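The structure is given below, and queries will be raised subsequently.
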Amino acid sequence: MRVSVFRRAHFNAAHRLHNPNWSDQQNRAYYGKCNNPNYHGHNYELEVRVTGEVDPETGYLIDLGKLKKIIEEQVEERFDHKNLNLDTEEFSELIPSAEHICYVIFNILREHLDDKYELGVRLYETPRNYVEYPAG
Amino acid sequence: MRVSVFRRAHFNAAHRLHNPNWSDQQNRAYYGKCNNPNYHGHNYELEVRVTGEVDPETGYLIDLGKLKKIIEEQVEERFDHKNLNLDTEEFSELIPSAEHICYVIFNILREHLDDKYELGVRLYETPRNYVEYPAG
Amino acid sequence: MRVSVFRRAHFNAAHRLHNPNWSDQQNRAYYGKCNNPNYHGHNYELEVRVTGEVDPETGYLIDLGKLKKIIEEQVEERFDHKNLNLDTEEFSELIPSAEHICYVIFNILREHLDDKYELGVRLYETPRNYVEYPAG
Amino acid sequence: MRVSVFRRAHFNAAHRLHNPNWSDQQNRAYYGKCNNPNYHGHNYELEVRVTGEVDPETGYLIDLGKLKKIIEEQVEERFDHKNLNLDTEEFSELIPSAEHICYVIFNILREHLDDKYELGVRLYETPRNYVEYPAG
Amino acid sequence: MRVSVFRRAHFNAAHRLHNPNWSDQQNRAYYGKCNNPNYHGHNYELEVRVTGEVDPETGYLIDLGKLKKIIEEQVEERFDHKNLNLDTEEFSELIPSAEHICYVIFNILREHLDDKYELGVRLYETPRNYVEYPAG
Amino acid sequence: MRVSVFRRAHFNAAHRLHNPNWSDQQNRAYYGKCNNPNYHGHNYELEVRVTGEVDPETGYLIDLGKLKKIIEEQVEERFDHKNLNLDTEEFSELIPSAEHICYVIFNILREHLDDKYELGVRLYETPRNYVEYPAG
């Protein structure tokens, strides 16, 4: 009985899209309003998908309380109410695009989940723009 | 022209997570609040996905009115406003976790759908916790 | 600067609508599926509205962190994952209709809020059925 | 770093399901209310999924501003506030079922996207009925 | 114990905004795309609010099953999958703007509700545009 | 025929809650994570309510296309992808709490609306926290 279980979480953060190897003009032309030097922000909504075999003794794929705690400790505490560019190690060098944030969160959670589980992450930057890693 | 068509439905039910082979203490420790002997409940939201070839004469993969009726008769009438543990055969022995409920609904619908269709079921226990069977 | 501030919360519970002064037949006829003797349940979604004057020094009407904590301690801990009829004092005698639950939550919160605030409560029993007290 | 990026859009349109090779009676029997000769309508909600490799220099899979513009120019301007049967070439002969509309939009967008991207389209006819092409 | 109870419903319809006393040019200039002579359509979402005193014997303001049935018979059957301009008496002369549709639905429901109840209607033409009558 | 018409819009912004008359320690104690000196951000969702008499000739209370344009030009262009504290005149001195942002938007829109209309503004800072001005 192979199932996927999903858990949603969220965090609010500020960010700026800027490539330090480009001129300011290039950055403005490419990233538009997202290049604002004073930052802007989002309510990020996160969907974590864990896939594997249900344990017939418990009826659970994974204890959702534990998964919730991992997401809180590893993702929410790290990024919530933060400036991704200035306050986090992960994006001190990496451009905090939705694609990169989704990929970084995948890698953080991957380390804290048993290898028997497959993992997927979807990150909503707004209700109209979102990203999934790995691609389905 | 191979497409997936989705139909949503819902039902409200009470349940309790409890493994009769364990002590009460073990059950409380593992299932926490979900082990409440007097039950708690949810608004279950169901998403049924049917996949196959579109009939070029009708433009339909499947008549959604018929699919809606199958879901109403086979799932909603069976589980809506019920205590899953006490009022249903399906969960008289099987622990009614979201994983198991999703799997049971898949099997019920599978019997009532033509073999030419592929089937998938997603069950939302809350807007933040949900399950998909089979895994994508 | 008089504003209303809203905070949402939720809890999952089982309940049964049953008037002990009526016959079983009367109860079934009036409450229909909601009279199921084995209970059914809901994901209750709660919207708390607090109205008053903004403090110009802080920019806040009320510290939402404190309001969130009051709701968690006074409403969620009391009702979440409970059987309203069996596990709560509030509904040992009172029929736990959405109207009554909304009214009870209003009275609980009213006691824990400073008198300078006006209070309103909206309770969603399902996304299609909800109640507001006091009436607008 | 292979990801999927999603963008949502919407348009409002009128349509009628009717097969000109059938009698009026057959059409009414098969399509029911959707066969109304005077049309009915929907708020169509569109989810476009683009899959490929993230460009490490920009952190983007695709410039979402450009994708948004393609969807506006190629889908919204073509179908928004239109009668699909009478006002569009695409459905002058093809029955405008949700399945067909989804397939037509896929083909329109496919022509305007670089071949290096994989494409998927989900079309919501109502919040409870939707279609995905190609099937996942 | 004075409360408001809300019930949601929906219907899909086609319409056209056109004032027969104006020239075609005036109509196009004023109503824009909504003046399309071939109609366009919407998923109308309806929120009905009923206000009054809770009956202490039942815990109900109004039997929501009965309210649901009134809405189905009086509103959904009348307008669902219809062309409001061509298929309904109500809008044969009256321009079917969201404001007017909301007002018409209020008057239909008012006739079928006991005078002891206060009534309010909110009509969503899209998730971003909606109307309430009477004004709060 | 007095109705309210609603229009939704949104913008994404960064902000910081900080009272310059307090010590850093007082600010951190009072505003918690919202006092982060490097800012954090939100997807602000705005609901504008306009109330008045429907024009019987047009069926409109107000041309929603014009209202949409006023909101875009006066609110979205001013605040979208901005740092409210650093990039806007409105919050160079005023603490950008949700209460104050809602009040400021009300005053901006009030200047651009005909006096015959009553105005209300609701601002969602997150889907669980929101503010309304003036209070209902």
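Each chain gets a letter, A, B, C, D, E and F, in the order it is written, and its residues are counted from 1.
What we mean here is this: a contact is a pair of C-beta atoms (placed from the backbone, for glycine too) under 8 Å apart; a residue touches a chain by one contact, two chains touch by 3 or more.
Just so it is clear, the model here is predicted, and its values are computed rather than measured.
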item: Given subunit A and subunit D, the chains that contact each of them; value: B
item: Maximum centroid distance from subunit C, chain identifier (CA atoms); value: D
item: Far-end chain from subunit A, centres as C-alpha averages; value: E
item: Interface composition of copies subunit D and subunit E: same or different, split at half; value: same
item: Counterpart interface for A-D, drawn from A-F, D-E or A-B and sharing over half of its contact pairs; value: A-B
item: Fitting subunit A to subunit B on CA atoms, where both chains share a sequence, rotation angle to nearest 5 degrees; value: 120
item: Inter-centroid spacing, subunit D versus subunit C (mean Cα positions, whole Å); value: 41
item: Centroid distance [mean C-alpha coordinates] between subunit D and subunit B, Å; value: 29
item: Two or more partner chains touched - positions in subunit F; value: 127, 136
item: Touch relationships between chains, expressed as pairs; value: A-B, A-D, A-F, B-C, B-D, C-E, C-F, D-E, E-F
item: Touch list for subunit F against partner subunit A, complex; value: 10, 12-15, 33-34, 36, 38-43, 80-83, 86-87, 126-127
item: Partner subunit D, residues of subunit B touching it in the complex; value: 1-9, 51-52, 54, 57-61, 63-65, 118, 136
item: Subunit D-facing residues of subunit A, complex; value: 17, 19, 21, 30, 32, 94-100, 102-103, 127-136
